[in-house]
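Structures given as structure tokens follow.
The same chain A turns up in both complexes below, where it pairs with chain B and then with chain C.
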Partner chain A sequence: MSVSQKHPYHLVDPSPWPLLGSLGALASTIGGVMYMHSFAEGGTLLSLGLGMILYTMFVWWRDVIRESTYEGHHTFVVQLGLRYGMILFIVSEVMSFLAFFWAFFHSSLAPTVEIGAIWPPKGIDVLNPWGIPFLNTLILLSSGAAVTWAHHAILAGSKKQAVYALVATRRPSDYRGNFLITSFFTGFQGMEYVEAPFTISDGIYGSTFFLATGFHGFHVIIGTIFLIICAIRQYLGHFTQTHHFGFEAAAWYRHFVDVVWLFLFVSIYWWGGN
Partner chain B sequence: MAGFLRSNSLISSAIFRVSARSHAPAARPSAVFTRFFATAHEHDDAEEMQKWRNISIAAIIACTALAIYNFSGEQHHEASEHPIEYSYLHIRNKEFPWGPNGLFEHKEH
Partner chain C sequence: MWRGTAAARLLLRACASSPVLQQHTQQLLPPLQSACRPAILLPVTRWIQTKAALRSHGGGQLDEFGIATGAEREELEAKREGKKRFDLDPPRGPFGTHDAPAIVESHYDVRIVGCSGGVGEDEHDVTWFHLEKGKPYECPVCSQVFQLKVTGVGGQPGHDEHH
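On to the complex of A and B.
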């Protein structure tokens, strides 16, 4: 390898993680099917696959952090690529939710005779949208505000040495506050699931409700982990005022999850509960 | 001029800042410049940080108040005593791998 690099691109080193991740996905898929069809050791293979995926995520992202933070490979052009990548990832997630909303509206706008031709179907005792769901709306919006607060804290940086300590101590707490907020969302949503009078096996209402809100809840958990990682990296001093794309990606993700919830709340809980 | 506009109230200053930017392009050359050479922004960001800090705190207080209100009231609405067993409810085509009950499912079903 030449000592000086005459282009801004990051030519990555060979890595075993794509292969390991693929094997993990294969084991998870086969293990998942075996588990759900009650084959022997299906659960073991599923756990093994999920473990491989989690391990791949950990070491692969560890390598990315090494390449960017310690080796300085994330130039302007590389960061642009990361931005495109994150945007495309979020767009693909939007498409998943679009499919779930399609299923919901397909089933609810013209309910079939089998469920009494009404929505919600007869016999379904729906949740009150103005109880915990509305509280969760406020909680997610608060977490969005806290992310913006954290972003400006990073951008403002430590220009004034006099307030350096204050900013340094406050900054990690910004994130901590934020992922505490979203943990409350997850907790309340869990309570709501346990107390809900219907389940995912209660016809099309239960299926569409738990598929959409469950998938969203899973994304809230992912976003929370993403922000926890950002908090740790901020604490370790990985982010600068001008280079903190890891945080920005987490903020984009958080806002995406917020917007999805607003649509879920308005259509499934509110409109779909009347 | 930009200095005069900055001294306006918080809400109006956001609007004025846009016009100030168009009159004084040297101070804010481009989005790329401000992102990667952000020192010109620090004052604004400190202000914004403070603003969003206040908004976050207000939002957390509102959430806490709503949570207390929600959990202090009568929460548990009674389900009807003998719900009708519609054919499309409680669907069981085969056993779950982990046992008879679904996830998040009441035992008395």
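On to the complex of A and C.
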């Protein structure tokens, strides 16, 4: 089958998904405000909007997989563009976390008289950083190692063995391993949230703690879902030894989440807890 | 619903144009072409079909490029032969004169060309112009002569592609 295009770029076919996504964003924002101000059906509209956004993600990225793996539109320069795009997206997320860290350091470096001029504020029972938080650090680091392990397996082309291994044994050391491990992180963090002696409304400490760790936890879940999709695609044989950018993007995202956690652990849990 | 039909059309077009799925739809799940299924089932059906396709391949029957197809495969195959399927580099060659003009290949009868002069000190800011078939053009800055060589369908640009 010969391709008639003379250029290596991918001119995408018209698609309804951007419109659907923006309608979903509109519904989410209006519904969210309605819900927070106790207007009738606000929660319904918010749920509808979030559902539309999730559906948009599903169909849009499904189309990307079709265009790349099944139709072969992703030439080298297209892949290069996607690499730049993913890197820039991760940089934008780093900026977002920078804002939360700024907020934390603003309040913790010069604690006001209202909280006792100390950090952690008077009356706050901080979590022991060397308990669950340290365990979570080890979990994320080993998950990062597992992702690198999976990458080398893809590069080495041992996918057929891995397919049989996945079907037969479900060992944690195969491609599913790393998202099982990160699920443990989410589970432990959830337990910490429930058991913590302070809440998000407990002054500036609670606000900065739960905002920063909460957004981080949300990003861990996103990374886990991304890796599950990659595991499914690997099982279906989408990735080749030389072309598996979807997996690399998931691995980059995983490592970024890990680095953010390390900063969180050192600044908020360890330094902020003394 | 619109979502359903758009998804079905995209899936059908993807099935029709993908060589991997085409040969397997015929062998394994012909009803997929009928698009009678509700949209929400289409991705699941495609997934099951792909799994079956990979299993029936039995491993070892794919060539060195695996499941690569379309433009990506053409790029890989050309690279294996040492050629470039999509050459984005600016063309280089001896300085064009009236006796031996610089030849610029073109798919159509006219192409936008930029001349940056000779090497070293003879280089100048890129001067852009339209180069037409049968009309050799002289760069107004350095007098380099260009000639168009139509290697494609010819005609005016933009009328023979489906985009």
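By definition in this document, the second predicted complex is superposed on the first by the 255 of 274 C-alpha atoms of A that agree within 3 Å, B and C clash if a C-alpha of one lies under 4 Å from a C-alpha of the other, contacts with A are read in each partner's own complex, and residues count from 1 in each chain.
Here, a residue touches a chain if its C-beta (ideal position, glycine included) is under 8 Å from a C-beta of that chain, and two chains touch if they have at least 3 such contacts.
Note that the structure is predicted; figures quoted are calculated from it, not measured.
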TODO: Could you look at A:His7 and tell me whether it touches chain B, chain C, both or neither (first, second, both, neither)?
DONE: second
- [ ] Please indicate which partner A:Leu20 is in contact with in the superposed arrangement: first for chain B, second for chain C, both, or neither.
- [x] second
TODO: Would you mind checking which one, chain B or chain C, touches more residues on chain A?
DONE: B
- [ ] Report for A:Gly223: first if it touches chain B alone, second if chain C alone, otherwise both or neither.
- [x] neither
Open item on the list: Going by the contact rule set out at the top, does A:Ile132 touch chain B (first), chain C (second), both, or neither?
Closed with: first
- [ ] Figure out whether A:Ile200 sits in contact with chain B (first) or chain C (second), or with both, or with neither.
- [x] first
Open item on the list: Let me test your reading of the model: by the given contact rule, A:Glu71 touches which partner, first (chain B), second (chain C), both or neither?
Closed with: second
Open item on the list: By the touch definition at the top of the document, which applies to A:Ala156: first (chain B), second (chain C), both, or neither?
Closed with: first
TODO: Answer with first, second, both or neither: which of chain B and chain C does A:Leu236 touch in the superposed model?
DONE: second
Open item on the list: Looking at A:Ile115 after the superposition, I want to know if it touches chain B, chain C, both of them or none. Which is it: first, second, both, neither?
Closed with: first
- [ ] Check chain A for residues that touch chain B in one structure and chain C in the other, and list them.
- [x] 76, 241
- [ ] Please name which positions on chain C make contact with chain A in the complex.
- [x] 2-3, 6-7, 10-11, 14, 17-21, 43, 47, 50-51, 54, 59, 65-75, 85-86, 88, 107, 152, 161, 163
Task: chain A residues touching chain B - in the complex, by the definition given at the top - done: 35-36, 38, 42-43, 76, 114-116, 121-125, 128, 131-132, 134-135, 138-139, 141-142, 145-146, 148-149, 152-153, 155-157, 159, 174, 177, 181, 184, 193-194, 196-204, 241-242
Open item on the list: With touch defined as at the start, can you tell me which chain B residues reach chain A in the complex?
Closed with: 35-39, 41-42, 45-46, 48-49, 51-53, 55-56, 59-60, 62-63, 66-67, 70, 75, 77, 79-80, 83-84, 86-92, 95, 97, 102-106, 109
Task: chain C-touching residues of chain A, taken from the complex the two chains share - done: 1-8, 10-11, 13, 15-16, 20, 59, 62-63, 66-77, 160, 236-238, 240-241, 243
